[in-house]
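Okay, here's the structure, questions in a sec.
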């Protein structure tokens, strides 16, 4: 179904998922404007928002099913399999986070149903970011996402940590936006274009110039911040720790996924001609990110903080596939993000249920002896840890396998080795979690009495854990899907007219 | 033409010095209020430079929206919080040295952009063998002057904004929505 | 008949299994144990006689008996579990089953009252199995089964009364010393296979000459490695120290294993692989020198021991040295000859000593005395109560001292003669001869001393105990009588020419050692007068020793152990066996244990590898992580500084 | 027998059934009543053994390649398949695994008195993993089984182990995991290289082996990655320090499985993967020397360290290091004899060390101590146990006529031509092994019974006899008649040697076959 | 045209903004420095728009919108933290660390 993106009707059609979600966000907003008093309102808002994600997903599916593709140049927004896959990924993450949030918010006494519209707007921003075909859309999508997430991070206003997290995220985020914007400006200066394809064609036709290099460098800085690559990572642990737990899950999986998807698209469509220039940068980022993330995670006692550092390390692993700059790399990013998000959602889902109302974050010692009280929860969390570790039989292993495969096929051997060294280090902090839950006795008899595992979260986590195991041994469907989808990323190769 | 350029250049540099000086003061004043006012000053200087660079409409918004509305918001908050004047803690001098040093290194990298002239940019952008004529390479830049002349400063911006850039324009509405809801959620006293 | 030789092994094997089962289920069924234990030996002896008889009439010098494919490893290495019956193994078969049978019979009486009776016979039968495998094995690996197996049984029997720590220690010591020797045998096997491509005795004999030139270093290495094995098994310098300790086992065990059979395996092995030794004359010199030295040193220690079994043990070491001297001179048949006669008279000596100990033990037990039943200072005058034992011991003493015409005279004289004869070619052998002669003198001396202290004079064990003394029952005396006869007459199997003999054993063994003898320079004949002189010298040495021993002992006042003063001077060193055990403990054992515990385990393993290497890596990672989390100091200013550093680095990388 | 097996299509389904049966039994055990768990486990184990033993006859010793081959596409996108097969090398290890299974279950009958369901379920999982490692002919599948084994072992040590169990379990997992991470890179790298050159991305063992020459430029790195994983598992000195802890703290079943099967995975990996893929590097003069030297150091060093251990299990653990050093030496000896010997050492180490651990476990159940000093003179109160222990100890130190000798002898004999000095040094271990074994045996079973606590110890009961008896019978059988085993492994060993021969530098001694 | 000088001025102002973020510890001032950076980038867009056409100016329009939105949210966040700490000094806002 070719869509003329330059026409308003075509643009509307192309933006259908985002529009549906925005519209639904407004609907929910309308609802909460009058109903924001008690837990029931919270539940209803949450349920409504999930319906919105389903609608948006349906819209995405419809576009994908109809084989939507741009007629001529894809203005502003991309219309390819990669975008649909990205949208699906982001929508599922958002929906899962919404499900996890429902009871958690009520338990923590955060009775502000605006949470759900904000989550939806953040999702819209993520979808725009990941689907952008134009630097302007990219920037705006990024900002929509960022602003919403700033708010969400500080949503638990009664806790100082939450406010602090929001402030840190906001200040450093705005700072990073400045760099990204400068990069966009210089890229624009070097080519006179904002459109990905046109810029890419321009770069392909001319040798790299000073302005182009600086522009690209600054854009990379902006992305490096969003994906929390070292040394742009310092905000992440603090923010992850301070933010409400479901939002931490959202940031660790969704925001990071959106940034990575956008990065892959930008590098594939905007800067493919400069690959020899950006590869060393990605290399350095990946190497140091993996090492620092894994090493620092070793000395953490708070679960959220540990997972934050582990998220940094995983960003490093993902950069391997970015380095590969190939169809396999793109597919690997998709698969890994899916694997990672499934795992992280499940892990945070379990952690959220263990958290006591208004209490500090869950520490490693709080998990001791969990198995004897909550065997399934601890088995689930153990599986999550193994998946994060990249243990065979879990989806995380397939993801890691694919990443390594992509990097190695692209001829990179050092990074995989570093990644594996990192993985080897990571066992030093994943294993103690399993150990504490299963092998250690509970500190006190009442240790785990406050755990509440609400049914929605239980179902969501259950599905995630099952998916981790199932996709760990039978990933064919998603593999095939990702591989075919990824190939569509760079199908439009527009020649640029002589200037 | 030549003398005209010279006069413009002189005015440009006057405002440039103004902008840099204000910016310096903005980042060094220990009083937040003073910083904010010096920032406003910088913005005015920039607005003037925008005019020189043929962006009259943007210059107007700069003054109205930016210097006018946004910065007033800042001043408002600063006064609302009634912050005390915190003198610089000179024990933090290593932070200053590192900060200024890093900025200097970053600056030396970025200031190399000074070497760009229209001719150089044209040469770099062109896919044709040199020599190249910037006017041929940048038809839209010339078209901008023509459009400004025919449609006025606002019209030359407005027309593409509501046509080619419709999607981003709509996205800004989402952005503002998010900002409004977010600000309300965060700032209101009671949830 | 020859093909049925496996029966000789199967009988004792059956006995071992049956007795083991009895030991587990019915340890009290002593009659059944006796019947099985001795019966299987009788059966084996019958088979041995049959095999021997068949071989006498068989035109082939050796007959292979393949039982099954043991290790079909590859195209070039396939080891069968096979026996080879030839003149050497046949005669060994006879000695082992014959002497072994007698000792089994003796044990029936000797061990009757022991609660571990069935277990004892299981071990003893098992020993016979392994000993037979050792001598019958067609290839080195098969023989090696027996070689180590007898070590195992020796270990088990020395430590038979395992509840006494010293016995367990002695067993362990014996096995370890044997294992040091086994290391040599293993290396020899590797060398042989890589050089010759075969481990079969016949193959080795046939190929060695073709592959190794005379005096080749490879052959020397192999020979020395093999000889290391022999020094372990046959208790030669430097590994002889285990044998005296091995006396901790029941006395019949000492007779069977540590005198008559197992310890002679080294001599047997040298003869079996004589072709290799012959190719490396230096190795033979080493064998001879070690043998002579051992003979001399062990005899000298024997002069000053008070434990009756210890004296006999050192005597055994010394006599084994003779055998090695014999084979070292190239007189292989003489070595085997002495092996056989020694089996007779040394078994007799041990069993006689066993009778004495048995009697004294019984007597002391009833007299509620805690005196040591093995210490000769507690004996004396036993001739009165134990006439049979005394007279048989006397026969054996005369035999071992080399008094004509007892068997020991012939075998020992042959060795001395051979050493002297070889000495005309290599002076080193003359030294050996001199040492051996000295040893002969000392042998006679300490044997006379033993007899005098035990049987002559007055009984020093107390009058009460004397009431219970009596001679042993027929199951014990009977074997003694047979052995006494053999000790007297054993010499006939290899009577030398000068007494009109034909040297039957030498001729009989000729096919076995033929290859070796053809390689070596022939032994020069010692003619007429000088031969006579040599014989007179040997006889004189025996006579002087015997009379001297008797004279010195009977004139000295012998005190009981409790009253005895400490020895002084040189005799003290002799009494303490020249402190060799202590030396070994200090030089080899203690440093090894120290090295293992302090250096290897605690330093290298626990500290270097585990704490420093593994733990260090982990701590390094933790330390780096700690550093990383210090960097995460919560300050936005610091965060943006890192950010800016990163940005600068990226931009610098790009624009340079 | 072979005809009967062929009639029921044995070769088509046996491997899958062997792999699936324990896994399917897991949920049954987990959800059965707690008291029934061990009975179910035992029945399943017996079924597994009975089914598995058929391999002995179904296996055709005259063929050298893989048998019972199955190749089903799994992850087509990656070129991964469910590929399994058995050759002479894996046959013995598979048989060892299935035969050990009922013994392990039965041996835990009394020792495991809490959380029985979990325990037996883990044993089942462990068995599938072990079998999987030995039958996988797809590198992905292999790696998957290789790693998945860790989990049951981890929990087995961590939950049912003794005092220091958590430390030991963690150490075990971290060691093995860290070791095998680089292997993952190497596997993918190999496929990437081969795939790029041939256009066919496949993790099939045969495919990679056929194109092993393409890997030669990176042989050093790839081999190192593989070798690290396997060396930790073997364990080769100096990667061995996890073993004493894991062995010591694990429950009996864990120690037995570790010793009998898990350690063999490392040497199996060398024989199956690391060397055939990169023979030019693996067997080069330098690498060969380094590994052979490390093996010999391990052999002698571990024996010496074992001698001074105060803890029985630790002693046996160090003896394992020593024995596995023989396997490594045999592999690097690279003659048919030495490789055959290496395989035999693997089997016989499994039998004797397994039996030793069983017996120490039985002692532990009676006295709850593993300290040698706490025992002494037990032979009087437990004659059967003492007899069995002594026999096993002698089998462990390689007394000819028992199983240990065959392997050690062949390894040393076969490797002698290549490393005469090292082999000579290694052979000295006959003394040290005897020293540690006899010394500890003496201190446990002989000497005077001084500790009154030891008076009341009962001798072996029927169940325990039934566990130990077959092992001792096997020891004697393998020692006296190893020919059937050797015949079955000869094809694999010969195939291996032929494969690596072109890579071998000339040996120190001439080939015995060349002699007249 | 003044392309080069404009770009240089923009770079200088941007760097001044960065320097401000690095050295100041008042959250509001830091945020203002970020605004300064955005302004500097706007100048680059305007300077380049002379050559490349009106799209650069349109981008500036969007940037201003974003800046306004950020200001709204950012100041709200600063208010929120002020309620907890009674301070906007970033050196005191280090509850989360390690």
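We call the chains A, B, C, D and E, going by the order they appear; numbering starts again at 1 in every chain.
To be clear about the criterion, a contact is a pair of C-beta atoms (placed from the backbone, for glycine too) under 8 Å apart; a residue touches a chain by one contact, two chains touch by 3 or more.
Predicted model, so just to flag it, every value in this text is computed and none were measured.
Fewest steps needed to get from chain A to chain D, stepping only to touching chains, is 1.
For the pair chain A and chain E, chains touching both partners: B, C. Chains that touch both chain A and chain B: C, E. Remark: the per-chain Cα centre closest to the mean position of all protein Cα atoms belongs to D.
Most remote chain with respect to chain C, judged by CA-atom centres, is B.
The count of contacting C-beta pairs peaks for the chain pair B-E. Our note on geometry: chain D versus chain E, Cα centroid distance of 65 Å, whole angstroms. Per-chain Cα centroids separate chain A from chain C by 79 Å. Between the CA-based centres of chain B and chain D the separation comes to 71 Å, rounded to the whole angstrom. For this pair, chain B with chain C, the centres built from the Cα atoms lie 103 Å apart. Within chain D, contacts with two or more other chains are made by residues 174.
Shown for chain B are the residues that touch two or more other chains, namely 95, 98-99, 102-103, 106, 109-110, 112-113, 115-116, 121, 138, 140, 164-165, 168, 172, 175, 178-179, 182-184, 186.
Annotation for chain E: residues touching 2 or more other chains are 7, 14, 17-18, 21-23, 25, 30-31, 51-53, 55, 58, 62, 66, 69-70, 73, 76-78, 80, 90, 93, 95-98.
Here the touching chains pair up as A-B, A-C, A-D, A-E, B-C, B-E, C-D, C-E.
In the complex of the two chains, the chain B residues touching chain A come out as 109-110, 112-113, 115-116, 121, 124-128, 136-138, 140, 164-168, 171-172, 174-175, 177-179, 181-186, 191. Looking at the complex, you find that chain D touches chain A at residues 74-78, 140, 143-148, 151, 155, 158-159, 165-166, 169-170, 173-174, 177-178, 181-182, 184-185, 188-189, 191-192, 195-196, 221. By the touch criterion given at the top, residues 6, 8, 11, 15, 22, 25-26, 29, 36, 75-77, 110-112, 114, 117-118, 121-122, 124-125, 128, 134, 136-137, 140-141, 143-144, 147-148, 150-151, 154-155, 157, 166, 186, 189-192, 202, 205-206, 209-211, 214, 496, 498-499 of chain A touch chain B in their complex. Interface residues of chain E facing chain A in the complex, by the touch rule stated above, are 7, 14, 17-18, 21, 27, 30-31, 34, 37-38, 40-41, 44-45, 48, 51-53, 55-56, 58-59, 62-63, 66, 69-70, 73-74, 76-78, 80-81, 83-85, 90, 93, 95-98. In the complex of the two chains, the chain C residues touching chain E come out as 629, 632-637, 640-641, 644.
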